[in-house]
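Chain naming follows the written order as A, B, C, D, E and F, and within any one chain the residues start at number 1.
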Amino acid sequence: MYLRIDRLQIELPAPKEPDPNAAAAVQELLGGRFGEMNTLMTYTYQSFNFRLHKNPALKPFRDLVSNIATEELGHIELVSATINALYVGATKPAPPEQAPLKPLKDARNTYHAAMTGLGAFPFDSHGAPWKGEYIFVSGNLVLDFLYNFFLEVGARLAKMRVYEMTDNPVAREMIGYLLVRGGVHALAYGKALEALTGVEVWRMLPIPSVPNSKFP
Amino acid sequence: MYLRIDRLQIELPAPKEPDPNAAAAVQELLGGRFGEMNTLMTYTYQSFNFRLHKNPALKPFRDLVSNIATEELGHIELVSATINALYVGATKPAPPEQAPLKPLKDARNTYHAAMTGLGAFPFDSHGAPWKGEYIFVSGNLVLDFLYNFFLEVGARLAKMRVYEMTDNPVAREMIGYLLVRGGVHALAYGKALEALTGVEVWRMLPIPSVPNSKFP
Amino acid sequence: MYLRIDRLQIELPAPKEPDPNAAAAVQELLGGRFGEMNTLMTYTYQSFNFRLHKNPALKPFRDLVSNIATEELGHIELVSATINALYVGATKPAPPEQAPLKPLKDARNTYHAAMTGLGAFPFDSHGAPWKGEYIFVSGNLVLDFLYNFFLEVGARLAKMRVYEMTDNPVAREMIGYLLVRGGVHALAYGKALEALTGVEVWRMLPIPSVPNSKFP
Amino acid sequence: MYLRIDRLQIELPAPKEPDPNAAAAVQELLGGRFGEMNTLMTYTYQSFNFRLHKNPALKPFRDLVSNIATEELGHIELVSATINALYVGATKPAPPEQAPLKPLKDARNTYHAAMTGLGAFPFDSHGAPWKGEYIFVSGNLVLDFLYNFFLEVGARLAKMRVYEMTDNPVAREMIGYLLVRGGVHALAYGKALEALTGVEVWRMLPIPSVPNSKFP
Amino acid sequence: MYLRIDRLQIELPAPKEPDPNAAAAVQELLGGRFGEMNTLMTYTYQSFNFRLHKNPALKPFRDLVSNIATEELGHIELVSATINALYVGATKPAPPEQAPLKPLKDARNTYHAAMTGLGAFPFDSHGAPWKGEYIFVSGNLVLDFLYNFFLEVGARLAKMRVYEMTDNPVAREMIGYLLVRGGVHALAYGKALEALTGVEVWRMLPIPSVPNSKFP
Amino acid sequence: MYLRIDRLQIELPAPKEPDPNAAAAVQELLGGRFGEMNTLMTYTYQSFNFRLHKNPALKPFRDLVSNIATEELGHIELVSATINALYVGATKPAPPEQAPLKPLKDARNTYHAAMTGLGAFPFDSHGAPWKGEYIFVSGNLVLDFLYNFFLEVGARLAKMRVYEMTDNPVAREMIGYLLVRGGVHALAYGKALEALTGVEVWRMLPIPSVPNSKFP
């Protein structure tokens, strides 16, 4: 069971100018193979299938993946809010005859104009839908956590690149926050892998080796 | 932001005998076009894109879709628990040479055996993944709620049919509960449509016209 | 069995200037989730599966969906003609060395240039193919018609938005016609639902509440 | 524009016994890569994009593909009728508690039971949807007709194999008819290719080299 | 078993100026329905399934398709090298804060920027992945080779059109080479069809009828 | 450039009895998300995009991934040979009227019967095609190799489970060989990660912790 608190995890700056193509790029971080939908759903289904919960030695691992999964719900909310913000001011109210959506005819993402009413949806930067086949849930704890560790650093790379594609302050505020949280999650899965296997895989971090401080 | 409470919405009966093909069928109610993933994600993204929240007249509608969305998170958890339960006892521990997974070679869903470790994942009864393109979020309130009303009754039909495909008590307990909750949601969206348009669309219910009491 | 009459449902104006990105946007109305392929195929398969035709009380409903399905065949023809028209003049004949298709390298839809010879095909505005999974055919008459009612108003919204994305006269002539016919179909399904359930769902129309007269 | 005549192209025998797995196999001939949806849609879009119709030398080719396209509409109708027929008697009316759909839980196609009400839909024998990307429409007449010739013989092979998978009389009656019509179409495209290129490609027929008479 | 020689089939000219949208278009020739991935995989699986190799009369056909398949491995390598070359100089190293990837935000293919690090991958010009369902392998030799013949000329058309979309010298050098090799393959399959059926289908070539010399 | 040697990497035992459902399961190891198509294509495209080859320090990593990629070509060949072998004897030659393919109507994979002529193709155990989106190629060496390490152990789990689903000697011989080779590759990527980051990630192996000797 879940509860919702009607508040974003961080406050986003007020949008200053619209940027439809940045909105298109940010969709990669929502519905792409390394977007928040994927971290959310991978961890959620791993936690759902954690059936050996009678074994007290496994409880900390189940708690870890459950807690991160719940936090990721707030992440899809935050990325969605950003996408909405990037469209504020992109069109001006006008009678249909004046073609008020014409500025969007040449934009990267025409689903936003034709389908969602300039809102977010679980698709990537090319308008391909998020798919359940992106998740990984194997029933093998070490393997699942090794994937989670990889997924967090793969998602880190995607976030960095979208950051480098746009200087919009709303997008950057959101990405900066997610980079910090993603770093915490990568470390947590790395530490869990150490507890399970003795290997200090977390010492590889950060991957890529650029520190978060470069993405202010 | 969200919180998770580590408890299912209802208690499921202890599994008595495994039923892999029932598990395959129940996946339709998780990752199918009318499964809980779709109600969950449709309502979640509608609530995320509800940007006109400054207008107090719209707040009740936003609250409605947000609350149902949050409840649906518990539904994917419940259906997943059912799928796990349907595999209890389906295989016996044995050395690989004895082919302990052989009983599942002819089962409907071989991903469960080969990939998920006999756990749930967001796929339908044929092993097709849930896709973001299943959701509907248009930015038009009446249209969104008309879809939600349709989606609830479409999901009702799917649940009834899966119920009629299996007499497994765990599956039936879960479906019986979801039929009741789905009925509440359909009525709620119907009443909201009446408030918005004056049309008592909820008087069509139940669709199909068989009452829930036939699905004990 | 079917017959074809070699004539479009309406005459389209002669194309004046090419608009490849409008052609890309119009594809949404052909192969998108709310495009004419979907109304066509949904109604066609509903009519094919209407096996209870021995019951004379059901005959009017079967006739209704069969007739609209047949009309939709003319709609995919009309939208396709529009897409072809939007490319007239988009390229100039020249030897390959002069790269006569270069103006289309940056266009929204590169399949048109590389694959179809600047013709129509059953894809949406992002180049995603129409898929059989878009259709809805449940075997439950009330539910099928409730979907059809929703589908018509969903398609109305998509048409309005594509209209607002382009002021090309060929595209607008086609969309204006389809808005009128779609309104007739929505009303017809609404009236059928009233006959079946007593609820005057058609009183919700038009959805969105902007009248067709605003889309001349 | 199109007209519909409420009659199948041939009369099908009355179904004697249900065969759900034959229904699943026959879906390959409806929504598979070599099913009737594909011949229908390939020819339909080729005819729609045939813009050079002012050139009288091309008119016979346009007429050919238009006429075959229209005939294919009757083919999807006929295959759909067969799929419906194969389910007659597959279930017995009973209260839900008795699980009247239980015989279908282990069937090859569970969408039929859970979604379509035991009716046809544009999917293949594995429940994968027909997709617009299956069609071929290039704007090059020789190439289009070469594909059509290939498509007809590819479809012939698929039909023969489904015939060899079931001895159900309804399925065989339908397939026997389609083999004859497909042979006519293959020959017609072959003769058109001869007219266009001088090569008697039709002399390769039949492919496979087994005559239709072996499929009574 | 295979061996790899670390050398491209031809030398490509040094890239002079970046052209991200040409890179996007060239992806059609790698992962599109008529791209090199498809010729490669179609021929490879046909050769793998050629089980009648005990029959010496069939050996030449098996050798033919095996050899061309192996050559196609070098083709995906060559097209990939071209895509990489088209990005040389497209971005300038800079700290993230200066948004060094910003020039690519509006480009046709944002996966290249966000996911692959400006490298090639098996996707088409719209960012749709190559799919195993594109290949054709039927077990019928005449039909397989008829498809291969069609595939080569279909691929020829796609190459010509991408050539006409860009005047970039690297892209043109690669396409010119592939047009020549594709012509050889089309002829080889045509001659094999003649050996199998007596029909001189290769006399249709070239399709399209424009000679290769026009694509220097 | 590549060369092909007409020999499998190991000799497979002569097939004794057909097992169509084992053939269906083995497809997971060919075209599934952890099948040989995916290791092949991931490594191949990583090697293609390895543009920094001027830096001699990177050459060993490029050589590593290139060599493993080439070996994987032999793996898809071997798995395909196995699938073919599993169908030997599955049908008996007979005139179509006797429905010689009827035993396959109820089999897990009906594409094999209807489409491929009982041969292999790049699809998974549910008949879903391998897709280019399964590969991972990021342009970041540590991240790519971390994925490769994960991919090898994920593939190991899939192989073990398919092994446990069938006791067919041909399937087991092939899987036993691939388990050994996969172990070598996992170790190699692990050692490369150590060279790049100093972390002895390979000490986690084997994942799952069951030794290969249990899969004779």
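Operating definition for what follows: a residue touches a chain if its C-beta (ideal position, glycine included) is under 8 Å from a C-beta of that chain, and two chains touch if they have at least 3 such contacts.
These numbers were taken from a predicted model, which means no experiment stands behind them.
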When each step joins two chains that touch, the fewest steps from chain E to chain F total 1
If CA atoms of chain B are superposed on chain D, the rotation in degrees (nearest 5) amounts to 120
The distance between the C-alpha centres of chain A and chain E, rounded to whole Å, is 34
Dist(centroid_CA(chain C), centroid_CA(chain D)) in Å evaluates to 24
In chain D, the residues touching two or more other chains are 33, 115, 126, 128, 133, 138, 140
In contact, pair by pair, are chains A-B, A-C, A-E, A-F, B-C, B-D, B-F, C-D, C-E, D-E, D-F, E-F
Chain A contacts chain C in the complex at 95-97, 99-102, 104-106, 109-111, 113-115, 126-128
Interface with chain E, chain F side, in the complex: residues 1-9, 31, 37, 41, 44-45, 48-49, 51, 66-67, 69-70, 73-74, 76-77, 80-81, 84, 115-123, 129-135, 137-140
As the complex stands, chain B meets chain C at residues 33, 133, 136, 138, 140, 142-143, 146-147, 149-150, 153-154, 157, 193, 197-201, 203-204, 207-209
The residues of chain F that touch chain B in their complex are 21-22, 24-25, 28, 32-34, 108, 125-126, 128, 158, 160-167, 210, 214-216
